[in-house]
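What follows is a set of structures to go through.
Each of the two complexes below includes chain A, the first together with chain B, the second together with chain C.
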Partner chain A sequence: MQNIIFGLVSGSILALAAVGFSMIRQTEGFINIAHGQMLTVGAFLGFIFVNSLGLNVFVAGLVVMIAVGLLGVVLALIVFEPVSANGALAQLFTSIGLAYVMYGLIRVVFGAKVQFYPNLFGRRFDFTNFNVTVGELVIVGLAGASTVGLHLFLTRTRLGTWIRATASNPELARLRGIPVRRVSISVWFVASALAGLAGVMLGVIGNVNSELGWTQILMILAAAVLGGLGSIYGVLAAGLLLGLVMDLSAMIIPSTWRLVVAFVVLVLVLVFRPRGLFAKAERKEAA
Partner chain B sequence: MTGVLLFFVGVLTLAGIYAILAMTLNLEAGWAGMWDLGLVGFVAVGAYTYTILTQTKFDDVIIHPQLPIWVGMLGAAAAAAAFASVIGLPTLRVRGEYFLITTLAFAEVVRQVAVNTQTITRGTIGFSELSRPLEGTFPGTGNRIVLLVIVWIGVVLVYLLLRRIAHSPYGRLLRGFRDNDPVARSLGKATNHHRLRTYILAGALYGLTAPMYLWYLRSVTPHLFAPDITFVTWTALVIGGIASKRGPIIGAVVLLVLTESVSLIQGSANLAVILASMRFVVLGLLLILIMRFRPNGLTDERSAFATVQSSDSL
Partner chain C sequence: MRARLRRVVILMVIALLVAACGDGEGTDTTGAGGTSTTSGSVTTAGGGEEGPIKVGFMIGVTGDYAPYYPPSEAGALIAIEEINAAGGVLGREFELVIGDNLSTAEGAVQAFNKLVDVDSVVAIGGVESDGAVANLQSIKDRQIPTICPACGTDKLDEAGGDYIWRITGSDSDGGLIAAQFARDSGYTRVAMLVQNTEGAAGPALVFKAVFTEMIGGEVVVDVRFEPGQASYQAQVDEVFAAEPEAVYLAAGFESGGIILQEAARRGVETNWLFSPDLIVPEIAGLPGVDLSGGVARAAIAAYDTSSPAYESYAARYEEMTGDAPSSGLYDANQYDQYIILALAMAAAGTTDGPAVAAEIAGILNGPGTVVYTYADGLAAIEAGEDIDYHGASSGLDVNEFGNLASPVFGEQNIVNGAWTQVAEVALDESLR
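Now for the complex of A and B:
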């Protein structure tokens, strides 16, 4: 039971991080390795806001989302937009380059030390054979709320509809007069903001360190592939599932193996369902 | 003065090691079209196999046969090749981005296994004070020059091997199915079989490079095998020009000289920490700038193979 709660918490965070990653993959058409570093930036900014400026953690989370969201847009415009004509592989390697630049700068600015958020949610509910802290409830609740919010945004607003249209067929979307550039900028904002939020959450339940982005991007990739790169809801589900699998596996084998478990699951899924768990059947494109 | 000289001996040794890795990656990704983000996994398998077979200083692990260096090197190549043939079965089933991610995942699995099997790999502590070849004959600084020479002999040998492959029918077949798999198959070529063969050959070469890297570092821990080696190798290849022939060597030397020179700047301990991080920034910036202004790298496939075509027509 305790493991299910841990799994839900890490799964919700992973889902938030992975959904942004897969939105960028869908509308911009490339794998953004720098997405993991967005989490690190979020985690460190949140740490500074809460620890040094004494902000309320919810306010800090909101400010971090806006700040990281804007950072995502700025980086998209100055780093990614100029190489978009050079193809998806140039963009992928640009994102690896950006991840290194961000990683180096994060270590210069914030240092390489492991930092801890102050204990914000001290209260704990004890049940007969498990317990749950307020912080964990808040995280699962917030992640759930963000998911519902994202769903409403994507289905009920015009911008959201444009985003989904661009994601499923960029050429057609452009032909239909959808302002592709505005769509792209808003995707960068939303995806980066969610990454920032996930980063703060990771900091609250665990710690903040400069290596965070590299470990997280591996799990984000796993979740994104597991869900099928194409589907936003598939990725959300896969994130949750992966979190649960990793923490439930800790009951059978030592928890240091959790990343191995995640990747073994990933490889098994790829062998049997090469397009992910939730991928819909796609028309074969003529070669 | 000798300090600076020795420093550049070290940088060029490292550049030679990365040149071999980048040439191998070029075979795998540039010509055969398999975009491997997990090459560090093969290096790790080779490194641990070599260390376990040859190390003489630690007897708190289950296996320590203390074999000679050359047996260790053969073992490293064989183990990495075997590993490639095993993981090739699932990874080569998927293409494109899925291949990138699966290979990245496997490399991370190798690293985590190394962390978690303390009785064989000594976990996060790893092995240190590994001995170098010819250490008895050339002690001290002379040994570093010996290492430089060995590594660059390796570079030349691998270059000659790969150039031979590039000009052979096998090399043309690789580039053929990279560009159009259905056409190659319609001509009766077993493309999946050749992919697996190439993957295993690349694995063996990565494994063989691992001992040189260990002679340079003299220690081995799982931390070494983070995705950094993979990304630095890719950067070297991309800078030099993917699918060219000399590109990987040029790229590795340019990249390593630029990033390692950062540590030539002297300063306080505080500054040293900042400079260590700045190496990542330099690496990243190089990659970003190359991708923007010279996406084909310093040399490209067309010019590398242009002479082949003209000499063929003679």
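Now for the complex of A and C:
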């Protein structure tokens, strides 16, 4: 049971980070490797807001979401939009280049030194055969609330409906008069904001370092592929699943193998379902 | 469209240049395996008879060992300044070439190859355990005199003495001392939490062997983990589920800090036995974690503060950094290594690897005129005398394997938010 708690925590953060990645993939049509650097920016900004400016961590998280969301929009407009006509491959390589540029700038601006958030949420609740800290409840709760908020946004708002339509069929959406550019900007903002929030969460339970983006992007990509690159809800589920698999596996095999386990699961799933776990369900839903 | 694309490309190139030129924390290195020069000399090509003598400083500027970098650089620069102020070596200026090993074995291999093949250094210092082990054969094959100021790995216990020397205590002793602490504190049930790296696994191996086989204690759980993970909740939970009396933690500060904060968040209180890699300011000042009052104990080779070499070095170090030297940060060791290399080159009359290597044991062990500075050593050598260099970090006598013959250890506790030596520790030889 204890490992389920841990799996939910790591899976929640991974799900938040991966869903934005998947949203960009669906609406913009390419894999954005620079998405990992958004987590790093979020982690560092959150550290500065909490540690240097003394902001409450929840307020800091909200400000980080807005700041990183806006950063995502700016980068989309000045970096990705100019190369969008050149195709997905060009955008992919542009994202790789942008990731390196961001990595370098992060080290210039925030430094190469590893930082630790103040030790927050230090109360523990003990149950019969497991315990949970306030921090773990906060992370899972926030991730859950974000997911519900995202779902309501996508299903109950006009902009959300436009996003889903564009993700399903961009050309048809354009023909139907959906403002595709406004949709694009909204997706970049939401995806980047969620990445920033995930970065703050990673900083709270771990540390803040300039390598964060590189270490996370592989897991984000794995969650996106496992869930089905075209399925936002599938990616959410896949992120949680990967987190659970990694931490539950620690009950049987040494925890040093948890990343190996995650990728073995990914490979096995892809062997039997090459489009990912939930891709088929998503196609049915769109139809 | 083309104009916009051009603007984007220009923007990215500018940003790349900014990133490449910026250093965030005052370091002047480039990325993985990258090198840069310091000490004010203009780099000339190769390591021939003209121009400055280039020596490598292969160290973790980034990564787990990054906290050691500023004091290490200070110690090294003090040595370079002292050498050059006394006229350099063989009439040539000594120049430090920095290679960032990223605090990983892979980064150390890249940095070593670049320092030797591209920068043509004639000797290397600053090496850490992972780098020493990863490059051990290359060091011997390429005949590059290499001094390890901070290598604790037990793999060097009997592997050096020809082209590699270690001027700090072995982890074999560090692990033994940790077991000694456990015994003296009356612990019979200890959990182990060990990072899967050379610098951490080495002392852990010794600790476990001594604690279980020589002392008769029980390791209730032995949890290994990889560095670089976002959290270690499962590992912390597994350790404390075994209800140990103390926890032996061997890790770098990046993962060690996460573990200690996680333990504090979970409200678990225990006694900690730390590996030397955790004796860094970042751990002493970790937010929300109180390790004072002897809750955390560690041991590291101590400095002989009564030595004239130490006193001279300490004054300059304090002037440069504002802090006193700290054996936990190996700064005086970093200083000593370059004095040793410079004296060995002066004694050999050449920068040729085998000739320099042949001189090192002699200038460290004597017999000869005892000297405490480069200038004194150089003067004695030029007068045709043998020398016995006593350094700022210790007397520096080495055995046939290039290890310190009689290292002195000090116990470190956290006092007022800083690691502080609280006592000298005599090794219980019966535990070997």
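One rule holds for everything that comes next: the second predicted complex is superposed on the first by the 278 of 287 C-alpha atoms of A that agree within 3 Å, B and C clash if a C-alpha of one lies under 4 Å from a C-alpha of the other, contacts with A are read in each partner's own complex, and residues count from 1 in each chain.
Quick note on the criterion: a residue touches a chain if its C-beta (ideal position, glycine included) is under 8 Å from a C-beta of that chain, and two chains touch if they have at least 3 such contacts.
All figures in this text were calculated on a predicted structure; none of them were measured in a lab.
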Overlay on chain A: chain C relative to chain B, clash or fit: clash
Which of chain B and chain C A:Ile31 touches, first, second, both or neither: first
Partner chain in contact with A:Pro254 - chain B first, chain C second, else both or neither: both
Touched partner set for A:Phe263, first chain B, second chain C, both or neither: first
Which of chain B and chain C A:Asn209 touches, first, second, both or neither: second
First, second, both or neither for A:Val79, with chain B first and chain C second: both
First (chain B), second (chain C), both or neither touched by A:Gln2: second
First (chain B), second (chain C), both or neither touched by A:Val271: first
Which of chain B and chain C A:Gly104 touches, first, second, both or neither: both
Chain B versus chain C as contact partner of A:Ile139, first or second or both or neither: neither
Listed stretches 128-136, 182-190, 200-208 or 236-244 of chain B, narrowed to the one that overlaps chain C: 128-136
Chain A positions touched by chain B in one structure and by chain C in the second: 79, 82-83, 97-98, 100-101, 103-105, 107-108, 111-112, 254, 256, 259
Chain C - residues contacting chain A, complex: 1, 4-5, 7-8, 11-12, 15-16, 18-20, 22-25, 27, 61-62, 66, 196, 223-226, 228-231, 233-235, 237-238, 253-254, 257-258, 261-262, 264-267, 282, 286-289
Complex contacts: residues of chain A adjacent to chain C: 2-3, 6, 9-10, 13, 78-79, 82-83, 85, 97-98, 100-101, 103-105, 107-114, 116-124, 131, 133, 135-136, 202, 205-207, 209-212, 215-216, 247, 250, 254-256, 258-259
Sites on chain A touched by chain B in the complex: 31, 79, 82-83, 86-87, 89-94, 96-105, 107-108, 111-112, 214, 218, 221-222, 224-225, 229, 254, 256-257, 259-260, 263-264, 266-267, 270-271, 274-275, 287
Complex interface listing, chain B residues touching chain A: 35, 90-91, 93-94, 97-98, 100-102, 104-106, 108-109, 112-113, 115-116, 182, 226-227, 231, 234-235, 238, 273-274, 276-288, 291-292, 295
